[in-house]
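Next come two complexes, and both contain chain A; in the first it sits with chain B, in the second with chain C.
Right, the complex of A and B next:
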């Protein structure tokens, strides 16, 4: 079986870098994007199993990214991450069918086990 | 409102109150200090954790957590000053200093560590990294901590660099540049030229020039020479850290001392070469992160020199190191211009040469008379000769492995051997190695299969990582000094004093201790794999035993698991390549290092605080002191509220309950002992009233002893009337402070026990007696022995015994306080009985027998 594909979208370089290394070590294929627009473009070309996206980004809001993914590729799981976690935003994210919601800083092990679960391992 | 106005306001507020607060209020304040102390240590642990690679964090995290930390540190200083009637306002200065440095980092200003412009290599350690740059800090550490031979000399600091930029207006130029250098190559070229011109034509600040001249003339007179020659080397912040920057900045050899400043400018200018600048942009560095310190090392005249890699970065063979060597200066080895000798040597003693390739060396680079270098012909007889003897290979290999173990990474080492045959280390920096494992990452279970496990899953991991080495068990404070480099340190409990040993340690295991204590913070800072609270490490492991600590999986193996360590050594640390990571690490350097270790040290003052950790350590120590002191004098506040404790033994004790120390159902002036709820007091009473310890028969005093007591006066420390007169105990749920006069001696017992290990402490002071000093000293020794056997740190001065204990779990603390109770009861009149030295042992055994059942 081909390795599961993960996309990370976050306008802070470090987030993509760290997640890429961590998930590659586990055998996933990982692509990272600093901006939402090219990420969505890429998603229209190829199917990803999981998208991990920041909620607050400069160009397109993470919530918008979530809506568009869920509309175009409902099977793709989406995990929202944010440094500004509040009850309201997380409720809204879940209402828009986010599969999970992580406040930053994120413990990588927890994210990993969440990803595994979502992929049904 | 600035910090000092705020302080002034608070001072006025304080003075306006006529009466200092009641003991209960002060005690509350003390508890706040404890709470904050824990909170701060937890914040620091949290920040340290984030550097471990287990978390994803961003800039917002750094801003938030730093803000929380600033706030708590400021408030803990305020609390201590409230507790101590403003005895420590100087701490605010220390706070302001550190705070503004952290702020500068966050705001992206060029930061320098302190005001020093020039520092001698003899005074440099890793702590000075922000002043002298990575390369120089590492050289200083090698010289002054590892005590290996490195060139003498001095460093022009990042502050000197900063002053130079400011004096010549270059800082403004850099701040105001408004071009996208990454995309616009020609703009970078133009700016690079402009900045370099400004630097090369710039004026050296007068103070910098003066200090350099002073250092040069000191070396001139030391070596009795008219002219001294230097190697002038770049040492930027972050250079040689995770990014190698190899060859990005310029260095110059054999510079005559009168041209030092000219070449200093050349090195600085190379910071802004198109190549170096481009490299930084490509790696995502911001300009304010760049600060250049310059090392001026006395020129070494080497017979031969070269480079050593402690692992073969190319073949990935994990049991081999590679040495390259040539005659004369080592530049050709580094630049790869000419063929050089190459030796493949085993990484393990006795360092067997596995492969040797000796080439024909016709030319060599040497120092030219008057300055600079020149290439000359190698004498005929040396051209085909290997540069290194087998002894030299062996010694070099040994030193290289020492450096690798110390820095916990494969090393890239520049070395030289002088005419006298002495090995000199010129530089040592991390080497990136990809191991030749088949998969992307090797399987841990394969490596560890079949290895004997000493224990696993015990205790709390403080810092993850793997190390194998020889165990060294610390049994006393003196042992801390004796820890050999590269040992695995095993200790009974964590202690700030252990921080001295952390640099020498490959890993640390303790029986007892807190993962957020002071020592843990430092272990994290130095990335030393550490597990605390194992409960059994000192019992299961002996000094000299070879073990492997896997603090990632929380397993300790018997024997050396070399594969596991290699795996650890070569783990790629990509996280370290991002700006946020570097920013957090730089901030943590101003937060976490602990310099104030020993309260008896003269540097243990607000002025000596260089980091937030120092401040917090200082505050904690002084807060406990204040409380003990307040407790001693508390009777002056006790006009009312005193009740008596009803005990089975003939002892009158007055009780002041400041909250939760006595059950609410207790009525009237006499409190039943069963209604005491204070955790430490309950434990203390258990020991004090235990049958067989409180001897009911009074001891007959021989006449000599009695006469001596009549002529004796109480020493000043116990002479205040309120102390002599009364047995008093101040209680809360977690706290007791007892002043006790029994017969002719005087005790103070001050204890705090809660569920939070970090808060817990016990203080025990014992003085006086009826007999002459020899017998009293015997008893002091008896008490000291007992206390030491139960983990107290003990000081004896004549017949005064002070025992201190900190940070054990609630259960362990209770046991120790039961012991104190027993000890107080048992020793009431023991001095009278101690006619001979042998009695010390006799009564020790007797006491252990009697107290034994209570402690199990």
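Right, the complex of A and C next:
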């Protein structure tokens, strides 16, 4: 079985970098993007198992990213990450069928077990 | 002197003038009356003398003894008139003339007595007759002269009093006009000073009335306005502080998010560091730690920025980079932009001249205008910040533009938007933001203007004097009075 492919979209450089280091050790293939547009472009070229995206970015709303992924490739699981721990955004994220919702600061171990669980299903 | 005193004094002077005119006229009329009365007396004396002379002729012509009796009666009557009205006559013609009159009468009487003693047939009668005729003629001449003189004097009194009254009225009118002019022009000048200050205050520019304060009711009004101005200024400062605190509420959410990112970064770096510690080289370990240090520095800056914005500070003018201030302001409202789904665009001219500003205040102006812009836009709108300096366009000022694609301000409101308590946001806004901003820009010797089109958007233009080294001292001293 080919290694599961994960995409990380976050305008904070360090988030992508650290998740890459950590997930690669577990045998995942990880690609990181700082902006949503090139990420969506990449998604249209290749199928990813999981997308971990920030909810709030400069050029495009994470919610918009979620909608487009769910429309174009419904199989891809999406985990939303945000520092914006408000009820409204969480509810909206779930309504738009986000597969999980993670507040910042991210606990990498927990994120890993969620990813594993989502892939196992 | 108080205005009420001045007005009372003016009225009193007017009344005194009227009394003077009345006294003068009374005196003149009295004199005139005396003269006229004397003319009457003189007329009757003249008539008596005429009768005397007629009887005198009859006596000499017809040798009529009865005629002598008539002369004597007329003489007696004349004496009684003169005696009875002596005071009046003296007053009219003077003592010397009166004495002359009496002497003439006495001479006539003596001449008459002499004539009486002689017989009509006496040859020396001719010479006696001559003496009496001479005395009679003198009496008539005298009375005629008196009448003429008195008539002339009556005429001259009338024309003199006419002249005096006219001159007096002319002087009074001239004095009234001059003093009114001086009184009102000074009053209007002071009223205009009050008007100017009131207008300035209504525009949010709390300047006191300068120059000497007159010691009258207007002066009291001016002092009252000045102390009101002082009070308004104090309250204005408090309002600025309150306004800042309310924007602080909006900002706090944004700042919380701002802090969230570096905190998350530190947390992730630390977690990964622990996880992969064994496989890391020394250089890599140092690199991890340096990333953490960099992120803590980032947190420090965000906190500092927030503190700088909220803390009331003494005026602190320094040569600043306006682009940096614009970027910082944008960072403070990043969360609002995100929540409202507003895109931001930044078109800042590099190597722009520095501006001499109080950074906190200028930043609060930017944040205020940007906040308004965001509230005016619906999701998908664009906020554009521009800065430029163009010697051709404006050699003295750096120009900042804050443009939104919001609903725009109706033209009838444009002239009011910098007025205190003017708000189109209903209960949401205090209506103070822009008036405070206006005051801040004015205090920087800058200018703030707005252009807006309903349905298209609004652009604020802020001009701030470009900093030139030789102006530093001037700028500081002129800006001391906030």
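The rule is simple: the second predicted complex is superposed on the first by the 120 of 121 C-alpha atoms of A that agree within 3 Å, B and C clash if a C-alpha of one lies under 4 Å from a C-alpha of the other, contacts with A are read in each partner's own complex, and residues count from 1 in each chain.
By our rule, a residue touches a chain if its C-beta (ideal position, glycine included) is under 8 Å from a C-beta of that chain, and two chains touch if they have at least 3 such contacts.
In this text the structure is predicted, and so the values were computed from the model without any measurement.
Participant: Would you mind checking whether chain B and chain C clash or fit side by side on chain A after the superposition?
Facilitator: Here chain B and chain C cannot both sit on chain A without a clash.
Participant: For A:106, select first, second, both or neither according to whether it touches chain B, chain C, the two together, or no partner.
Facilitator: The answer is both, since A:106 touches chain B and chain C.
Participant: Give one of first, second, both or neither to describe whether A:18 is in contact with chain B, with chain C, with both, or with none.
Facilitator: After superposition on chain A, A:18 lies in contact with both partners, chain B and chain C.
Participant: Thinking of the overlay built on chain A, is A:74 touched by chain B (first), by chain C (second), by both, or by neither?
Facilitator: Neither chain B nor chain C is touched by A:74.
Participant: Taking the superposition as given, does A:61 touch the first partner, chain B, the second, chain C, both, or neither?
Facilitator: A:61 contacts chain C only, not chain B.
Participant: Which holds for A:120: it touches chain B only (first), chain C only (second), both, or neither?
Facilitator: The answer is neither, since A:120 touches no partner chain.
Participant: Considering 40-48, 580-588 or 778-786, which region of chain B has C-alpha atoms that clash with chain C after the structures are aligned on chain A?
Facilitator: Superposition on chain A puts chain C right on top of 580-588.
Participant: Where on chain A do chain B and chain C both make contact?
Facilitator: Common to the two interfaces on chain A: residues 12, 14-15, 18-19, 21, 25, 83-84, 104-109.
Participant: Within their complex, state which residues of chain B touch chain A.
Facilitator: Residues of chain B touching chain A: 50, 53-61, 64, 284, 440-441, 572, 574-575, 577-581.
Participant: Which of the residues in chain A come into contact with chain B in the complex?
Facilitator: Per the touch definition, chain A meets chain B at residues 10, 12-15, 17-19, 21, 24-25, 81, 83-84, 104-109, 111.
Participant: What residues of chain A sit close enough to touch chain C in their complex?
Facilitator: Touch residues, chain A against chain C: 12, 14-15, 18-19, 21-22, 25, 56, 61, 83-84, 104-109.
Participant: Using the touch definition from the top, list the residues of chain C that touch chain A in their complex.
Facilitator: Its residues touching chain A are 256-257, 260-261, 263-269, 271-272, 275-276, 291, 295, 338, 341.
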